[in-house]
Structures are given as structure tokens and as C-alpha cells.
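In what follows, subunit A forms one complex with subunit B and a second complex with subunit C.
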Partner chain A sequence: MSYLLRRLIALPLVLWAAVSLVFFSIHLIPGDPVDMVLGETARPADREALRARWGLDRSVPEQYARYLTGLVRGQLGESYSFRRPVSDLVAERYPATLLLAGSAMAVALLLAIPLGALAALRRNRPIDRASMLVALLGVSVPNFWLGILLMLVFSLWLDWLPVSGFDGPASVVLPAVTLGASLAGILTRMTRSSLLDELGHDYVRTARAKGLGTRATLFKHALRNALIPVVTLVGLQFGALLAGAIITEKVFGWPGIGALLISGVQARDYPVVQGCIAVIVTSYVLVNLVTDLLYSAIHPRVRLGESA
Partner chain B sequence: MSATAGLDRSSRAGLGLLLVIALCGVLAPWIAPYDPGRPDLRHGLEGPSLEHWLGTDVEGRDVASRILFGARVSLSVALAVVVVSVAFGVLVGGIAGLLGGWVDRGISAVIDVLLAFPGILLAIALVAITGPGLGNVILALTLLGWVAFARLVRGEVLVLRGDEFVVAARALGATQRELLLRHLLPNLVGPVTVLATFAAAGAILAEASLSFLGLGVQGLPSWGGMLDHGADVFLLAPHLAIAPGLAILLTVVALNIVGDGLRDRLDPRTAAASGQPGL
Partner chain C sequence: MRACIRVSLLCLAGLASLAAVACHGSEATEADTIVVALDATPQTLDPRFAGGANAVHVIQLICNALYKFDRSGTPVPDLARAGHFEGPRRFRVELREDVRFHDGTPLRARDVEASFASVLDPGVHAIAAGGLAFLERVRADGEFEVVFELREPFAPLLYKLADVMILPAGQVAAAGKKALESPICAGPFKLAAFDRGGRILLERHAEYFGGAPPVSRVLLRVLPNSATRVLELLKGSVHLVVNGVPPYALRPLEEAEGLRVLRGPGASTTYLGLNLEHPELADPRVRRALAHAIDRAAIVDTLLRGRASLASALLPPGHAARPAFGEGIAYDPARARELLDAAGYPDPAGPEPRFRISYKTSTDRLRKQIGEVIGYQLGEVGIEMETRSLEWGTFYGDIQRGNFHAYTLKWVGLTDPDIFHYVFHSASIPPEGANRGRYRSDRVDHWIERSRGTADETERRGLYRSIEKTLARDLPYVFLWHEDDTAVVSKRLDGFELEPGGGLRALARVRLHGAGS
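So, the complex of A and B:
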């Protein structure tokens, strides 16, 4: 079976496994969502009406089948707390999350490629050590803590940037740096090691022997090749950024799907929790698939599914 | 040979730092200056002083004592997640690699599906549903934690099973179980230890993230939970957010440094990268 076919089959399987795990976890634990919304003192008639409206009067297998059928049609159910279709809520908030993840990716690339390249070119010198220290801190820092510190310094002490919410381009800066810090650390290390690897190849020596300058050798040859694995990693990490945005959105009051998920978790609004997870997992898997396919297109030496 | 032989200076420093943090956690009941749970409302939100080195929180509890006790929670969660993930991952990956055939294909399919999950998202969802608490946090983080170990071990076993020592052991009548436990496992200790170090760092960050979202360990002082409370009042008392964040950062940095050092020691190719010619 071709690799592409296997990946395409795996796509709905992953989504099915994720939503099923969440669905059954919700239904296996004790507690009635109607009690949570109406309180335990509500009139039985009101309770029954709400149970019927949400389909909770049916058996669990029947609810599961209805949920999966709805999911295939793009219906994610109705939110308990917002009393609106979850698909509408997700559609309203998803662009903000994509903007945040895209900006975080841009921040990570803008920091990581120059820093990683500089570290490789000046290896074992102070600038290399400083870059690697910054990268280590980037991958180790809890991003919600970094967000709080950035907010404290740049919003409250210096008053340069907005504290929270989504209000113009300036409000993207701090959440994007917060979310992108970890990826910047990973990419800096990757750029450095990949470039060091390329600099050891014969073609670099040949280019230099032919009289090509340092800058031309670096930008026309070595860096171009060194960035292939970095680009792959960027693609694979974009999905992780979408998932990681949940916490950053909470710190900055960012009106994205992560904040919606957290509000769903706090209100025990299970259709919202299920819907957000379905959307994030789908995006995550799709982005990873597209990255894999692009990687094989950019780099024909790699045979999909056969590379180590 | 000592455990730290071959490790570079920074890795040894990381290991030392890690030991100090672990000791702080273990000895917390004896070295903490105050009871971490005892409120003292008259001294709420005080800054660092000689009496309270890291100040006090909203309820007047001593932050330094809570940081020391918080080390117990963070390190316990990391240890539990890593031990269970290693045990299960090594077993499943070992079986897949050793038996091959449909067993390997089936296990590999499950691994592929689980690796496609964003781990933190699922952990958030599961703890949100099952309720916060030490056990549920460990369970949620282990549910996907074993997968990386299974994939690593499967790959290693696939490489090793053609080696002469395995062929010889088979010829001498070793059972599959003996092969895995007595012959293959000792060869897997290195790569598994490296992955375990990074997994522990990941588990500490994940636990802190869950606690920050109010889904972590309840009733015990945890660094993520302290950060969550500190974030609410960080205008009034920045130390409340800075101290637990620094504790998490130092622990994760130490684990990552040790992991990097172990990896370089076990895989000379990564270490050699820094010795190659440049422009």
C-alpha cells in the first residue's frame, strides 16, 4: 500500500480515536450535564426537556452514532453554556488561533535562522555558546510563565504593548513571542546542527576553492540545503503550535479556540470540549500530512515511508 | 566507571543541580522553614525578607516552603510518568520488534495513530473530564507518554535482532522473553535513558501547564498551581509568579542539559558535529 494511501486512511482513524476517547471518557464518568446547567433543584419537566433537546435521553451507543454522524456532516453539537452551535463558535474563534500560531511561527523563524546560522559559523565561540544558551532557555521555559514576565515588563512597566485581548497588530506581539519561544529554541539548534553538517560537505569546499565568497557560499549553497530539515520541522511544529496555543490564549485573554476550549472545560460544556478537540486534532494531523508530502516533493531523495 | 564519566562539564553541572532540587524535595519536611499549608492572613502578599526569603502568598503562606514542597509534586509526577511510560513502552516496543509480522504491524499502526495526537491537548481534555488530581494527571500524561519509548525500542530491537549475539542466544535456545530481558534490554538502557530525561522535562512542563489551567494536583503545593495563583496578583506581588516559574525553568534546564550530555556521550555523531570544518 502506498505511503500516501496509508496516511490518508490514518487521518480519519486518528480523528475517530481522539473524539471517541473524549466521548467515552465523558460518558463513563458519573455526573449529568443537565444537573450542571440547571442545578440539582430544577423541575423534572425542565430537566427532561433539556435532556431530550441534547439527545441525552437516548442510549450511549445511540448518542455516539449520532455524534459521529453529525461530525461527518460538520455538525459539532450545541454548546450547553452558550446555547449556540459549536461549529459557529469554533468558526468565529479559529481565525484568531491561526493568526496567533502563524505569528508565533514567524517569530520563531526570524529568531532561529539567523541565530542558528551565526552559531554554526562561529562555533565554539562566545556567540555560539550564547545562542545555544538562549535556545536551551527557549525549549525549557514554561511558556505561560514567559508570557506573564513579558506582560509584566512590556505592558505594565514599560507600557509599550497591550496587556491582553486582540486589539490591532501590537496585541499579537507578546502572545506570538510567548508561543514561538519554544519553537525558536528547537529551530535554532536544528539550524546550527544542520548547517554544521552541510559546511562539512565537499561541495562547500569546492565552492570555496573556486573562489566563491563566504557570503555566496553560505546563502547560495550551504544554508539553502541546511534549511530543508528545518522547513520540515517547521511544518510538523505548526500543528503543535495550534495545540500549544491553548495556554498562551489563556494567559493573554486571546479570543481563540484554545480559550474556548478552556471555557468549555471550566463550564463542563462537553460539546464545546469535543468540538474544539476535533478541530485541533484535524488541523494537527492535516498539517503534518501536508508537511510530509511537501518534504518528499522538495527532497526527492527521501522515499516516503522508507526513510529512517 | 562512574555514572558521570564521559559527561561534559555543563552536563555534570546539570546533574548536580538536579540532585540539589531532588534533595530539596525529599528533605522538604525537615528543611522548609514553615508549614507550606498554614495560612497567616496578617502577613499576606509580603515581599522577600529575612523571615520569608521568597515572600508570602495571598493567604500569608511562606513561598519558599511551598517551592520546596512543590518540588515533590513536580518530581513525583515526572518520575511516575517516566517509570510507567518506560515500562510499558519498552514492553510493547520490544514485543513488536522481536516478534515482527502482524504483531509488529498492529502495534506500529497503534503507535502511528497515537503519535499523531497533540499530547497536551488530550491530557487537558482527559483531566478536565476525569477531574484534577495527582493520579489523573499521571494517567493522562502516561496515556501518550509510552508511545515514544515503544517506537524507540521497536526500532532499536529491529536493528539488534540481526546481531550475532542475538542469533547466538537464539541458537542456544533462549526464549523470546529471555532474549528481550537478558540480551536486548541491557543494550537499550542508553537510548531509553536519554529519552527518559527529555520525557521527564516534558512531564514537568505538562504538569505545570495543567496546574496553571486549574487541572493539576489539588491540595498540595505545586509549582504550576503557585504560578496560576501568582498570575492573578502579579501586579501587586511579582515574586509570587517569578519564584515558581524559576523553579520550573531550572529543573527543566537541568534535565535538558543532562539529556543533551547523555545523548552526545552515547551518540558520538551528534558530538562530532561541533568539530567539523566551516567556511
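So, the complex of A and C:
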């Protein structure tokens, strides 16, 4: 419990560090939000009035203090370009990004664990080499290219799935495979190497010597232990999935937070960028916390917060 | 392992619930629905705040102004029945009496008064406000007449009136300074859904004064990736893309069954902007040398696949106020070298250039390629040009601050000839306008001001011609080309016509074959 408490206390600190970094970096890059919104036809008085309304006429430390105060109260501010509360914009779009990232994770796990286990069990045989080739392709192929290839094959030629958009479960398949392919490749290789390591341990030999079958040895003992580093990687890669989702969302016209973040950066819409980053960072930290908690579910000998 | 399975099942259940929540509200496309792909999400559909091309095109399907533009860029009445000047500073508009808003309420003069009052309210920060500084007051005079009182005579008034969409007075009052979530207007379609994530659903306005549109619905889908738009067109799940397919992808689409590609003169001008405060570029001979050194025809033929006409002036071909100038400055590298020599920049022996400049452009692939080709062509006459591709916000910030030597951009939707004031008047140097190259000419300033003050159409056209001639001599811009508008249209869509600038208003007249089958 103390471990969980420590992690929960660390969450606001991590969030503070991330939003502060984003706040100062976005204020450093060139481009004026007022120009982006009003264009060049605006009268100087209108320009100044809008700057004052958004608090951009104040010093950067003052703006920072106001931003942090708002954040503590749960207010993400109002978007300059959308002219709506950022919390509403994020709430509209974040479920789509979570769905995409979650589906991609599911695709990656469903492909990687069986493929990695099979590769380990059939080490140096053709199926092992084929699995590693698939894993290598998954990691190497850029996801924007893979996405277009999948659209061409499964939507245009075979007419099985929609090309793009967000219209029910069928529309999730191609974006999820596109986004999950890279992670599937990494996890396949990790599962294979981790399982090979476990299969070489004494306890596996003992189990086999005591007459335990291959399947029971694999599933009840070796795979369970082999999955611990895989779970760690899954937690760490969640952030990569959210980052990769920005490109996948663009390719598939997916209405997620990635597209919102890009439009926020382009329009110098500070509240949108800061709000999106705050939500992404919070998700990332929480997922890592859940990953740590899963350790004990997978392997009861691992006790959180205790040294070995 | 059982725990692992339990966790997996929980995750799958979570995903299913998330899918249910996330997909809530998405609708399958119905048969009598035209699907149009846009390349970016309109951030708002409140006409007071919408600025991007996509937002403007969607709003034109929902809302109307007092005036609109015909194909030659001339303002013609829309919600107005007629209008006339009652002296140099007063303009009276008579409204149509058969107009009803989407909620069924009839259009009255007080709606016009309220719409303009809201746009002019300094606390609202409407985008069109900057262009309406000449307005002293707008007031309703009876139920169907509106009087515009001007601070000073302002001839391009009708062009500016076309920028302000008319909303019901009650809606404007209720919204105040906040953006309207779901604007009610009087256009051919009404907004049924706008999820901002990428889908805008419009429904037919049965009481539209111009006649109810033949199709029931228009679904606008945001597809930022051009390859995705092409695939959707090929699959038949998108019926129309206007100016959203790159030139290299048009040829295969022309050959595709079920699609046709329309092409027409656009309302845009692509130009090379030059910083006149740069030591070398301040010399008009150097600017002319640059213009002679760029082989525009080769760029149009190769990178743009021939889908543009060479530019010689700011206003595009077909515009009523455009003078006839031919194709501008010819490609003549020998003449360019002569001019550079004469300007005091001889070609030094060896690899050293005559001088170096930098060129800024956006991250758009085509624009970067154009920059590379121009850089190569300038290199042939001894000018070294470094191409810098920048993210849009940085690029825009730099050119506004004058932090550039040369850049290319495109003016789109060129209808209002008063753009000369915005772009070339010496009072329009940023942040006061878009005279980014810091061009100063007393004669041009004088003609621009006179063109604003005279109601004589013939005199105004003469002034615009003089302005264009002087610009062609001074070259604050090297006018490059006018890109054609292109539309890829499903053969099921009957009656779609391109309008200059890539607007979508023709959707109010099209029919969709096979609907309901």
C-alpha cells in the first residue's frame, strides 16, 4: 500500500514537470496565437484586446502561475481557436484515442505472445525464423505506410473493411493493426527471448523430470515467469502507442486527441496543447502504475516496494 | 495464468465499453447522402469566428450574407434584394421577403442589424471586424430595409458585406461573446451534427428561398491524409473532393471507373514574396533578374502537372477587375545575368555565388519541391538560395515579422480587389496588414486610396490596372502562377460545378444517382 501511495504522490510531480516543460517550450517557439486566430486584417486595438482577454499581455511567469492555479482547480482553460473549454474538446476525443491505443495493445498482445512462445518452443526451426521475420517487419515498417497498404488490400481490393473513419467496430481493425504492428514485433522478440531464458532454468528441468507434460510446464510455470518483462515493456510502450497514434489518426481520419494536439500546435493554441499533454502524461503514469500492480497478479512472489 | 486470463477478459470488456462510448453518435451513411472529404477539421462553424477555407466552405452551405460573388468575382445580391447608395456615406439594402431561417423564423432587418453589431462588437473579436473599420453604424429601417452609415466613402463596400453571414437576432443575443455550437442560418442546408472529430452532417433546408436542395443530406468527413482521400474516392465511399488531391494523383483518378476529374480556373495566385529591406533584394533590377531566372512554365508542367496558368498580376484570370497582361516576365537566364551584372553583383570566378539568400516555405511536400527547383534555377544564374522548410506557425510568424529574404505562399479566394490595400499599401506593414515585404510606393498608396473612395466603376478598374502595372514593374512579388481548381467527383453525382476558390455551394443543386437503390 505504501508503494501505491508513493506512486500516487509522485503523479502530480511528474504531471507538474511535464506541463511546465510544455508550457515554457510552447511559449519559446515563434508564432503569435492572436495572429493565428484573427489573421492579418485585425485592427491593433482588437489584437490587444484579445491578447488581454487571454492573459497573453502578462509576463510569462504570471501566465505560468495562472495556468498552474487553473490546473490545480481542474480547469484546462478555453481553446483560442475552437473557442470552447479544452476539457470538453479532450473529453470528446480522448475516448477515441484510448480505444485506438487499447485495441492496438490488444492486437499486439494477441499476436506477440503466441508467436513469441511458438518461436521459443521451435527454436531455430523454420517457424522460429518466420516469426522473427514477421517481428522484424512489424518493427521496421513505418506505420503510415503500413496503414495505406492495409487500406489498399483490405478495403479497396478485398472490400472487407472501411478505408477510414470511425463508424463502428469494423473501422477499428485497420488502425489498431497499423498502430499495434510495431509493438507486436517488439513483444514477440521479448516473449521469445524471455521464454527461452526461462526454459533453461532448473525449475523447468525439475518439473519435466517429475513427469509434468510440455503444455503444463510451459503454461503453468515458464510462460508465467517469462511474461514479467513483457508486462514491463507493455507499460512502457503505452506512451509510444499514444505518440504513434497521432500519425495513425491522421492516416485513418481518426477523431482522436492526436489530431487535436497537431491542430493546437499549428494554431499556437496554448491551452489545447497543454491540456492534451497533461491528459497524455496522466494516462501514461497511471498505465505504468497499473503495470506495476499487475506484476503481483502474474507472479505472486513479486511484492511491490520490497527489495529482493 | 488464471489471473492473466481474468485481466485479459477485463481489458477486452473495457475495450468493448470504450468502443460503445466512442462510437456513440456515429452514423452509417444513408443512401441519399452526399459524402464530401475535407482535409482539415473546421475549428468552429460560428461564422463570426471561422477563418479557415474548410470552415468558410461549410458555412457557405449553411449561411448566407447580404451579397455573394458570381463566377467573375462580382458581388451580387443574396439575402439582399437590392442595394443603392444614398450619398457617398450611406448605403441602403432592401431585403428579400421570402427568407426563413432554419428554425422557421422569417428574416427581418433587425437580424441584419444584430449580426453586424455582433461582428463589430470589440468584445466579440470576430474575424471580419478588421475589414469593417469603415462602418460607422448599421441600423434597421423598418422590417425589410437596412441602412449602412460609413465613416468615409468606401467603394468596395459590397465585397465586405459578402463577408458577414446573417444570423437570427435572438441567437446572436443568446450567444453573446461565446461561439455558437450549432448556428442557425438561412442557407440551403442546416447543421444536424458537428462532432469536431471529423464529421459534419448537414440536412436539407426545405424552406430555402433558393429552392430546397435535391439531396437530403451532406456528410462532410475530415480526412487529413491525401492518400486516404484518394482511396475513399476509388472505393466510392466519398463522392467529392475539391482541391484535395495532389497533382500527381489526378491522372490515375481520371482513368478510374466511376470518377471524373473537373478542372477550372481557380481564384488563387501563388507568388514569390521578397523582402525589400534586404540589401540585394531592395534593388528592382535584382528582383527582375530573379523573375527572369525562374522557369515557371517548367515547374507548372512538371510539379503541377500542367494544372496552372502563368501569372502576371495578383488578381486571377476571369476576375472582372483584372487587366490583360499576358503571362508575365519570360524565362530568360541570360537577361537575368545581365541585370545582376548591371546591379553590381558580377559572377565571381569559382564556386562563390553572386550573393546568397534564404527561402522559407511550409512543410508541404509540393511547396518544398517547388523551393528546391527555384533554388536550382537561381543557382544557374549565380544566386545561392538556401531552402528552409518550417512548420506553419513558425513560418507564418517569421514572414509576418519580416524575418525572411524570400518565401512562397498562395493567396486564395481572390475576389475583393481591395486586397491591394491589405497587401501592398505602406500602411499595411505587419501587424497592420499583410505587406510583409515592406513595399512602399506613394503612387500605389494614392491609387489604392482613390479606388476606395470612388463609386465610378470604370475609374476604379482603371486604378486597379495602374496598380497592377506598377506592381509588375516594381516586383514586390514575383507572380508565379494561378493554380487551377480541381474536383474529383463520383459519376453518381450529377450537376456539380466548380466555383472559383473551391467552394461547395453547388451541392445545393446536385443530385445523387442511385440514391435509395
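Keep in mind that, in the parts below, the second predicted complex is superposed on the first by the 272 of 308 C-alpha atoms of A that agree within 3 Å, B and C clash if a C-alpha of one lies under 4 Å from a C-alpha of the other, contacts with A are read in each partner's own complex, and residues count from 1 in each chain.
Note that a residue touches a chain if its C-beta (ideal position, glycine included) is under 8 Å from a C-beta of that chain, and two chains touch if they have at least 3 such contacts.
Since the model is a prediction, treat every value here as computed from it, not as a measurement.
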*asked:* After the superposition on A, what does A:Leu8 contact: first (subunit B), second (subunit C), both or neither?
replied: neither
*asked:* By the touch definition at the top of the document, which applies to A:Val265: first (subunit B), second (subunit C), both, or neither?
replied: both
*asked:* Contact-wise, after the overlay, does A:Pro169 reach subunit B, subunit C, both or neither (first, second, both, neither)?
replied: second
_Contacts for A:Val22 in the overlay, against subunit B (first) and subunit C (second): which applies, first, second, both or neither?_
first
*asked:* In the overlaid three-chain picture, which partner chain does A:Leu152 touch, first (subunit B) or second (subunit C), both, or neither?
replied: both
*Does the superposition put A:Pro142 against subunit B (first), subunit C (second), both, or neither?*
first
*Can A:Leu98 be said to touch subunit B (first), subunit C (second), both, or neither?*
second
_First (subunit B), second (subunit C), both or neither touched by A:Ala52_ = neither
*Counting only touches as set out at the top, which of subunit B and subunit C does A:Val60 meet: first, second, both, neither?*
neither
_Give me the intersection of subunit A's contacts with subunit B and its contacts with subunit C, in residue numbers._
29, 144, 148, 152, 156, 250-251, 265-266
_subunit B - residues contacting subunit A, complex_ = 109, 112-114, 116-118, 120-122, 124-126, 128-131, 201, 205, 208-209, 212-215, 224, 227, 230-231, 234-235, 238, 241-242, 244-245, 248-249, 252-253, 256-257, 270, 273-274, 276-279
*In their shared complex, at which residues does subunit A touch subunit B?*
10, 13-14, 17-18, 21-22, 25-26, 29, 120-121, 123-124, 136-137, 139-142, 144-145, 148-149, 152, 156, 193, 196-197, 199-200, 204-205, 208, 214, 217-218, 222, 239-240, 242-244, 246-247, 250-251, 261-262, 265-266, 270, 273, 277, 280-281, 284-285, 288
_Touch list for subunit C against partner subunit A, complex_ = 1, 3-4, 7-8, 11-12, 14-15, 18-19, 21-23, 26-28, 40-41, 43-44, 46, 49, 51, 122-123, 125, 127, 129-131, 133, 178-179, 195-199, 221-225, 227-228, 231-232, 234-235, 237, 391-394, 396-398, 400-401, 422, 430-434
*asked:* For a test of understanding, state which residues of subunit A touch subunit C in their complex under the given definition.
replied: 29-32, 35-47, 49-50, 53, 79, 81-84, 89, 92-93, 95-96, 98-99, 102-103, 106, 109, 144, 148, 151-152, 155-156, 159, 162-169, 172, 219-220, 223-224, 227, 250-256, 259, 263, 265-268, 294, 297-298
